[in-house]
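First subunit A sits with subunit B, and in the next complex the same chain sits with subunit C.
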Partner chain A sequence: MHIMEGFLPLLWAIMWYVVSIPFVLYGIMEIKKLFREHPEQKMILAVSGAFIFVLSSLKLPSVTGSSSQPTGTGVSSVLFGPAITSVMATIVLIFQAILLAHGGITTLGANVFSMGIAGPLIGWLAFKGMRSFKAGMIPSVFVAAVLADWVTYLVTSIQLALAYPGADIISSFTAFATVFAVTQVPLAIGEGIIMAIFFDFLLSNRPKMIREILKEKIGKASSETPGVAQ
Partner chain B sequence: MSGEAKKSKLGLYLLGIIALIILFTVPFIISPGAEFGGADDGAGEVIVEMSPGYEPWFNSFWEPPGETESMLFALQAAIGAIIIGYVIGYLRGSSAQ
Partner chain C sequence: MGHVTGIDSLAYNSRALYWPPAGKLLLSVCLLVGSLSSYNLYGPAIVLGVGLFLFLYSVKGNLPSFILLLIAAVMAFNAVGVIIIAATQAGSPVFSISLPFIVINISQEGLDLAALVFLRSFAGLFVVLFFASSTPIPHIFNSLKKMGLPDYIAEITVLVYRYSFMILEQSEQMVNAAGCRLGFSGWWNYMRTTGTLTANLFIRSLEFAERSQNALQSRNFTGSFPVFREPKRITTVWIFLSLAVFASVYLIGNIR
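Moving on to the complex of A and B:
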């Protein structure tokens, strides 16, 4: 989903910065608040961010014969929401744009929006939605992680279609989505599996803290994790 | 956690890991000759196709050579992996009590 440096017309580049910056700033405030009020959650935040670092550094082969990168934003979206996730995605994207010439400074706003905001937002909403329908914790995390990854690439396709509408915007979107959407399906599923396994680990080792972060009442959703409620 | 629950979890983990292995080996089986180029570059090609003559209006300050790029990607993964390993170890150790 890294839109390459210089490949967004100036107006769109500015537009996506304008949309993303308030979100990231809000996320920084949220992180400060979290550090002040719940310093014990720092480590969970760090490890959620670390997943974004690791997974977004992997160029994985896909069935379409091309390679693409997962986003790693699943756990962070589920636990801390899209605002905080956008801050960590921004750090990764700056690292990649400056050191790797992967993505770009001019396209940073757009890339932060797709990977750090849109994907995590949909993943987070899906998680909340599934939980309110009493879906199990691990299936909900799986779906959230798959969507956070996949939606990122759909949004990139929309961003490119808006900037390059060609003859008509729908066929332009289809052209970009052909590159991204199918390639990303197996990657998104793989990411969902990794996130689900990791989340299960967190839940068995820090059940209380995870529930606290999720603001779910302890015991309310304990049916699928018998014996781990402390 | 009871021993039985642990066992069923282990089975589920194994299933997940097997699924991961299948997911990422299948591409090589169904398209053995493919180059597995980056999808990002693929999108760049679509842009050039749609607006021929498009010149990126801004270029990266520097672009690392291929080998250096791999090193930096590995570094990025390593930073993340160190944190993940540290936290997993910490959580495991401290939850044992």
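Moving on to the complex of A and C:
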């Protein structure tokens, strides 16, 4: 879900850049650390980035100056954490703005914040929280993917309501959020199901790879029996 | 997804391909910021004219059908968006729309703001299309690397770019194959097929990426992708031109 070029007033466009830049810089430092410690993960990260691009380019029509797509960032934040996902999402959003005319250059900061920072962060927190309560891997991935989507859409609605508060900001937010909800609520559940099947398949077919990535981020994942999806 | 490869090939065949990428980026940003700084319709209208001219120059006047579809889709989304902006603005209503559960009042202030946002968005689309249709992704990141972007970020970006095309190509084949086997008949089948298809796609892409990584390393790959003809560096002419364009749009866009 992206805000299109020209939709944000200049002040808000700058503000969202300022808010997003520290997160992306932190993510860049995390990537440097990851490449230094695990250079073999460079390729997986690049494929994941390309994967987010392809997934999030599957455009579904929405309204309100935006388009709806699966964000693909929920699974990336589960695999690599929210900091690295923020950098990957930034790269993907630049590609989308340039290659697909989704989003834009002046709205990049706002789109990075909603799709690359807020959504993945909440998705990752939900995943960690569920895993710490010994929830199964697949339900945790489902919830992470759904929440990452919904938070992205809620933050986009807030961004548009802040930019165009109209008579009052709450009714403006309600108007944007209601229209987004028509496509985004079912889309997020659909993406959650697809990502759960995706993760289940990977755990069955590439358990070693998933274990190697996840044990760096989530201690509990390393104790799982490889190849068995819970 | 054909328009992804379409825009990429437009960029490699553009008349403006060898203009300095940083110069094109600066000019585009100045046009976009000038449009956003405008409080009347003249500013965005000028940006629309300049953006359209630059875009048509870049694509040698040929407008492929996928570009027209892209423009139509983006503007359709934007049109509905500006209707919501018009409907939520305060002011005395000019006219009302009665729906089953709600009456929407449209004010003059709302209409003015909606027209401004729509024109800014329309103008911005052509400026972005000019930049996109004249600047391949490797040129952008090559320039950004020269401006201080860390090597490993430039490398990962180029890898993401290359793998994106690879995944797109593979996904097309796999979606066709799954469709031929009735994999998309019914909601649950659709979800299951898409889930396993994306997982398979990820695994196949990883295998392909592994092979290409081996191939790169056997050719002394050190993390940088050289481009055949280095794009030109930005010059002071580009900086002055961009600032002059911004100043002109800003001044005209703020005439009361």
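Simple rule for what comes next: the second predicted complex is superposed on the first by the 189 of 230 C-alpha atoms of A that agree within 3 Å, B and C clash if a C-alpha of one lies under 4 Å from a C-alpha of the other, contacts with A are read in each partner's own complex, and residues count from 1 in each chain.
Following the convention adopted for this analysis, a residue touches a chain if its C-beta (ideal position, glycine included) is under 8 Å from a C-beta of that chain, and two chains touch if they have at least 3 such contacts.
Note that the coordinates shown come from a computational prediction; the quantities given were computed from them, not determined experimentally.
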item	value
First, second, both or neither for A:Thr156, with subunit B first and subunit C second	first
Which of subunit B and subunit C A:Val87 touches, first, second, both or neither	second
A:Thr183 touches, of subunit B and subunit C: first, second, both or neither?	first
Subunit B versus subunit C as contact partner of A:Ile28, first or second or both or neither	second
Contacts of A:Lys42 with subunit B and subunit C, given as first, second, both or neither	second
First (subunit B), second (subunit C), both or neither touched by A:Thr106	both
Partner chain(s) touched by A:Ala196 [first = subunit B, second = subunit C, both, neither]	both
Contacts on subunit A seen with subunit B and repeated with subunit C across the two complexes	4-7, 9-10, 43-44, 46-47, 49-51, 53-55, 57, 59, 61-67, 92, 95, 97-101, 104-106, 164, 166, 172, 175-176, 179, 190, 193-194, 196-197, 200-202, 205-206
For the subunit C and subunit A complex, residues of the former touching the latter	1, 3-4, 7-8, 28-29, 32-33, 35-37, 44, 70-71, 73-74, 76-78, 80-82, 84-85, 87-90, 110, 113, 117, 120-125, 127-129, 131-132, 135, 137, 140, 150, 152-153, 155-157, 159-164, 166-168, 171, 191-192, 194-196, 198-203, 205-206, 209-210, 213
In the complex with subunit C, residue positions of subunit A that touch it	4-10, 13, 28, 31-32, 35, 42-47, 49-51, 53-55, 57, 59, 61-67, 87-88, 91-92, 95, 97-101, 104-106, 164, 166-167, 171-172, 175-176, 179, 190, 193-202, 205-206, 209
Of subunit A, residues touching subunit B in the complex	1-7, 9-10, 43-44, 46-47, 49-68, 92, 95-106, 156, 160, 164, 166, 172, 175-176, 179-180, 183-184, 186, 189-190, 193-194, 196-197, 200-202, 204-206, 226-228
Subunit B - residues contacting subunit A, complex	1-2, 5, 9, 13, 16, 19-20, 23-24, 26-28, 30-31, 34-44, 46-47, 50-51, 56-64, 69, 72-74, 76-77, 79-84, 87-88, 90-92, 95
